[in-house]
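The structure under discussion is supplied below as structure tokens; questions concerning it will follow.
Order of writing sets the labels: A, B, C and D. Residues in every chain begin at 1.
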Amino acid sequence: LNEPLLWHKGKKGRIGMSIPESDVPAAAIDEALLGAPVDFPDLSEVDVVRHYTRLSQWNFGVDTGMYPLGSCTMKYNPKTNERQAATPAIASAHPMLADELCQGTLRLLHELQQFLAIITGLDAVSLQPAAGAHGELTGMLIFHAYHRSRGGQRHKILIPDTAHGTNPASAALCGYKAVPVKSDDQGMLDPALVASLMDEDTAGIMLTNPNTLGLFEERIREIAEIVHAKGGLVYGDGANMNAVLGVIDAGRCGIDVLHLNLHKTFSTPHGGGGPGAGPVCVTRELEPFLPVPRVVKEGEHYRLDSDRPLSVGRVHAFHGNYGVLVRAYSYILTMGEAGLKRASQLAVLNANYIKEQLKDVLHLPYDRPCMHECVFSDRNQQERKITTLDMAKRLIDYGYHPPTIYFPLVVHGALMIEPTETECKDDIDQFIATLRTIVREAAEQPDLLRQAPQRTKVRRLDEVQAARCPCLVGPSDN
Amino acid sequence: MRYLPHTSEEIGAMLAAIGVDSLDRLFDSVPAECRMTNPWNLPAAQSEWELNDHLRQLAGAMRVDDTSQLLVGAGSYRHHIPETVRSLAGRSEFLTAYTPYQPEMAQGTLQGIFEYQTLTARLLGVDVVNASMYDGGSALAEALLMGLRIAKKKRRVAMSKTIHPHYRAVVRAYLQPAGFEIVELDYQADGRTDLSGLAGVDDLAAVALQSPNFFGVIEDLDAAGSTIHSAGGLFITCFTEPLAYGLLKNPGACGADIVCGEGQSFGIAPSFGGPGLGMFGCKEPFVRNLPGRLVGETKDVEGRRGYVLTLATREQHIRREKATSNICSNQGICALTAAIYMASLGGTGLRQLARLNYDKSQYLHKALQQAGARIVFAAPSFNEFVVEFPTDFRPVRERLLARNIVAGLELGALYPERAGQYLFCVTETISKQTMDAIAAEVRA
Amino acid sequence: LNEPLLWHKGKKGRIGMSIPESDVPAAAIDEALLGAPVDFPDLSEVDVVRHYTRLSQWNFGVDTGMYPLGSCTMKYNPKTNERQAATPAIASAHPMLADELCQGTLRLLHELQQFLAIITGLDAVSLQPAAGAHGELTGMLIFHAYHRSRGGQRHKILIPDTAHGTNPASAALCGYKAVPVKSDDQGMLDPALVASLMDEDTAGIMLTNPNTLGLFEERIREIAEIVHAKGGLVYGDGANMNAVLGVIDAGRCGIDVLHLNLHKTFSTPHGGGGPGAGPVCVTRELEPFLPVPRVVKEGEHYRLDSDRPLSVGRVHAFHGNYGVLVRAYSYILTMGEAGLKRASQLAVLNANYIKEQLKDVLHLPYDRPCMHECVFSDRNQQERKITTLDMAKRLIDYGYHPPTIYFPLVVHGALMIEPTETECKDDIDQFIATLRTIVREAAEQPDLLRQAPQRTKVRRLDEVQAARCPCLVGPSDN
Amino acid sequence: MRYLPHTSEEIGAMLAAIGVDSLDRLFDSVPAECRMTNPWNLPAAQSEWELNDHLRQLAGAMRVDDTSQLLVGAGSYRHHIPETVRSLAGRSEFLTAYTPYQPEMAQGTLQGIFEYQTLTARLLGVDVVNASMYDGGSALAEALLMGLRIAKKKRRVAMSKTIHPHYRAVVRAYLQPAGFEIVELDYQADGRTDLSGLAGVDDLAAVALQSPNFFGVIEDLDAAGSTIHSAGGLFITCFTEPLAYGLLKNPGACGADIVCGEGQSFGIAPSFGGPGLGMFGCKEPFVRNLPGRLVGETKDVEGRRGYVLTLATREQHIRREKATSNICSNQGICALTAAIYMASLGGTGLRQLARLNYDKSQYLHKALQQAGARIVFAAPSFNEFVVEFPTDFRPVRERLLARNIVAGLELGALYPERAGQYLFCVTETISKQTMDAIAAEVRA
């Protein structure tokens, strides 16, 4: 079923929501201030309900089925988290009120900061960053403020090819020039190479661990020591923390700053693109540089403190994506220590199981134990001119969301599978069987793959056309 | 544990398939020196019911809650949210989806965001709008960065002191490390920005104003646009209350080149300040400088209309060292929520609701004046305004609080020169009865 | 996508919900009392969520699209009604507590009774019946109690062929033998015929008005006088009240007992089959016979009163489907007087518009102004051997729920369309155009209809097989 | 009005197409003497926000609410309801659908109900279960009517006085007009039904017992079944607390022919007594006498498994004068809710939760005995039991109420012979702490 665009529906004069009757007189207004009426379509409530109900039916979410989108950690998003975030006194809380009027929301901030510090092994946390990349930016601002406080600003930063995609741009915002560091043939960082690149004009290193190949950087501590020896700092992109909860201690790894993605490891829903939350965790030494305000506890009272002269300042108008924080807090309290650690174990178990069950038919560029995701490539299918894209699209016809494709860049034609711990063995077995079927189809009926998907509302879309002549808004006079 | 489906038999079978004899052995690649050794001592795992009780307890610690009459705006607005908006935006197909990287199975999100972009563009009077930014504050910072990119070599921007102080703090945090210079423009006695200082500033990439500004005052954007363009800068405007443009002339019509701000007013719960919605749009010539995601219309192989994420070459996925911005997410479900809200209001409802906010605010305006208070700024306002009381307002405010009315925000912490003055906000949620009660208490 | 049956999913030992830790010692229990473990599948939370999310995707509701199911009044079900019914203090209210502990829920009952009395023009209301047919039964119990109270029990009841289908069975439960009354060639009841059938062993008449042809029984008052003259009572089936809110006064029509379907006229959702609510409204004379307990107001206090010696007793363990009552109450307060009256006007407008726009292509057995629904037949299509069923199934392929078919029985091959007032003209025009297309297809490509539906999860199902060898539960050892 | 989409232009166009000149003229067929002439004077239409406030006010008038600790069962049980159950059963595709008369577009409802029938049959130990009845009370009345239909000419049934008094009232209302005779069976000192009276009763179609009965006592169903069958009656059992069968031997295993009762415990909010869920099943030979809807499995034209409403010939649609029952709806969404709840619990969780209810109830049992109270009935109980206190309990109960604890239900109004005795219910929602508080207050 199709559903027209909003502005092809409706009739002037309909209304889709209740507007209170005015209980005050109409006030005068200077005509010069008035705008023309805004051209929104007028719809009834049922028009609106059906429009968005239909739209939703064209979407696929974690509740619909398996979503093994590597690096995105599409685990189950618990319903109770939604309930907690909707608690009326919390959902209606105003961010500009005096501390004594909102002790409940402040307490939650303070406790969540503590939980995240404990979980990462670091000392202090800011919950302000609204997304992973925002956390990275905050981390870079901290690097910058730190070096400034020590008197000498630096201009470069080391970024391995196995780091997350946004890292270079985040660093560039602070004026750092990214210096790429190549991983070795095992997908690992080589301390010797880092040592050769690290110098006193280099602010530090930004690495992702487990890295984007789903592999643990075994020599991270050695690397950290090299960087620290030159006065640099180590940024750990914690987007892949779901693999190593309770296993690694970021502090002991030598990481100075680390961000977490609450919408990955801590089960908050992705919402079709956001909101996420990217708290930043730091060592005690870097705490003074964290964004303000900080929540502090004095006796049983919680207070916002902005008097931090070394702070990088604000990165968000208020306290970050608070509603997302509530969900993560709810998740942590539900899982408890044992549950969180078990989650990582099972996430890694699921990924290794998939890796083992598919590596005879899909090319595995780095054949070694993985963490929570495994990366294949389309090399075995090249001879039939079947690409990763074709296999991904064919998975759609079987009712799966495809894995991440063409990332990480270090693997040509990458197919990056992250099952997460909330998928059960039956479902994983079915997914494996499906991929094996697709591999067979690639050899025997390759057109099935090239023509995929067939069962969706639309088939493959012309992205080149979309970018060449961008049509970003609907026509304005309709 | 209800989120973890594995039985011990299954774990055994999977370990056997991997060829490892315990779950711990899966982590053999993590060296001992990197290992977590401390126990966490987190609170014990809570059942769903214990968690409900716990959150109820936190809610109980809120002296101001959803039953309070709240006359505070200052960047976060309490408007009524229809149950339809909550219910539709909460549909799990929207909520539990990721970024629509596979457009064939995400046309719901994509068409929804395309419609959001379109309605928002109409509201703001701009040619294009992106798929949203984190919030109003970071959106302004990104707008100024965008202005600097467009202006190429220029290193200086100006912003009005009437912009939300928190937004200005975010701008400083974003711009200073890269060495950009920020000029702050003071305001006039009538509450509008004083642009006279611009004349002497050179190397100016862009100038940012907020309207209605932090004091609730409607800036003279038409005039400001001319002045700023004459000074060679791009004209950027921001806002915290988009509902204003249901009544007022929009920034695009006043010549703004880039328009950004916070969209929380449109159906999104305040939630202690987030998640909100960074609305962000610009004139057509700047589209390839726009940060953030964009959804565009295209066709599928059979010629059917469809939507995709587009212009991603600006983004970090493709050429990571060349990305113009590090933004790689949007506030997806918040943008969709705002679209549902805008669709529910319609053009007719938008005008009516905006008018109601204006009328109510004017009512309190007058009631307070009659009670002896002074409206500090003479320039027109929308649904917020600054008041000065003849006597100390603190005890009055405390008495009102005891009646569950939160009467305004004291300005001293944000603007020392305005200490003892209060910023009031009146939306459709505030009844005449409440406003009369405030006026009566002021008189008492 | 298919979704297995629940018991083909899961693994023993999984759990899909939180069970509190025990804070008390285990108690002894007599082994002889213990049952064998119940063979429910064990599922995780995500298993359950995905199972029911997928099942929901195979369903069509009012939120999905137009549902012109005649006689069922599938109007829009407002979301705010759901919110009100979920109000924690109301949803958790216990039905056995003393009156002073639950004044809020009692007040709502009392006010809703008053609203429904006003709206129907009758004097007293019981909210206990849980569905329309339950209301009919309650009405018949009242008939029975009334005649008993007057000393002479009666044994027959008149039921027109245009009355709702459950009427005869409801009457039979009270020992009444149904005497059919044929409608005339205009679809109307003939007072002379009623007069000829009505006697002093007949308890009264049970009629539906507007009747199941969607027509108003114009001579109802005359008929009521005939029945009353012989000591009988008049039961008005109010299932079609959506047509005549604010237009008719049941009391002035001569109706003694009338039930309402809150899930039709008053917008409560049908829930895939229920729960509904079928309040019974009666004249002052019959009030003593209403079910107990009654809610009475004394000053500002509400009280349950069971001391009604003539009452028929209880028809529900508690207060009926209270959650449904809350939704109807919410709807009435939202619509107000003008809104409710307008709803009937627009419902009738929509039905007449469809009737006019289709009567040139579909046979209209009774060509006269209708109320809220119109009844066509498949006579024009018979020559091509296309049935109402075929046309209905073809509508499914176009994204509509079919109208009611083969009801009322007085029309052969009936197609009964009730659009309701919440459908807008655009959508109705599209529906009309679709039906016209189907009529054309019936003539030109009849197999398209016979093979329909094609796009659903399953195609036409073998109902004969289902009834012949009933399989009503899944196998027990799986 | 947001539910009414018609603009006046549209109304005009539609009237013109019909050939009528006003909306009023559409009602010309309604004679003047039938017309509503009085104005209604209903309250003015409320906005969504006024309605929220109004319901909040009604909620505020509840002295006992969701925050209370409630130790009352008596046919309505407070159990924890997972957010998943609410969220899934609330999906509008389920909620806003009608009866699945068009099975091709209702496979969700149909498979859901088929699964409900299956799980419920397993729980109750019967061969078939219908798609649900209105509630436990009317289900029992229908069960006795079914017994009478099966027994053909017999006109008499018996039911125990330990069946919920309201259920018995419903049975009387249903059976008496048609002239059926009802014998009530008294109970023994241990709280179980005394079946000795049955010996002298002839013409007996069926005998109904409840277990656990209204006093919480577990009846000896095995023995009762033999006695009843020997007396020539069908053995009918009912229940108000299906959770009991997670622990106890189910009625089917004890020889019951028809089993019915209230399923509200399974994920359905009490809602002041409704909507609940009449669970109803029987042994296979009686399936064609079963009232209510049934969902059956079949195949489509391509051989795919699918579900339909079946055996509708028993129903009033087809042969209206021959219908065996007037039931033409079910509690669809409630049955689906119960199925979601049963699926969430699983067999393992069901046992665990039932056991927890039993253990907690036994804990209070002992704590009250230690505080000097007497447990009235000696026969075993599940999660309810009757208590007699050494002194007047009313002031104690009032003090507990002040602490937001509702301690038991006084039985005098329902059983005059038990005046001053209290029926207590303990579910998993009651903490040890609350039970200790009650015992302490009894002692005080």
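Just so it is clear, a contact is a pair of C-beta atoms (placed from the backbone, for glycine too) under 8 Å apart; a residue touches a chain by one contact, two chains touch by 3 or more.
Predicted, not measured: the structure shown is a model, and the values here were computed from it.
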Among B-C, A-D or A-B, which chain pair copies the contacts of C-D, with over half of them the same by residue number?
A-B
Between C-D and B-C, flag the pair that has more C-beta pairs in contact.
C-D
Between chain A and chain B, the Cα-mean centres are separated in Å by 20
Between chain A and chain D, what's the gap in Å when you average each chain's C-alpha atoms?
46
Mind pulling the chain A residues that touch 2 or more other chains?
11-20, 44-47, 49, 53-54, 57, 62-64, 76, 78-80, 82-83, 422-425
Multi-chain contact sites of chain D, meaning residues that touch two or more partners:
1, 3-5, 10, 48-49, 56, 80, 82-84, 86-87, 92
Touching residues of chain B toward chain D in the complex: what are they?
48-49, 56, 67, 80, 82-83, 87, 92, 429
Using the touch definition up top, name the residues of chain C that touch chain A in the complex.
1, 9, 11, 14, 44-47, 49-50, 53-54, 57, 62-65, 76, 78-79, 399, 422-426
Chain C partner contacts - residues on chain B that touch it in the complex:
1-5, 7-10, 47-50, 82-84, 86-87, 92
Touching residues of chain A toward chain D in the complex: what are they?
11-21, 44-47, 49, 53, 78-80, 82-83
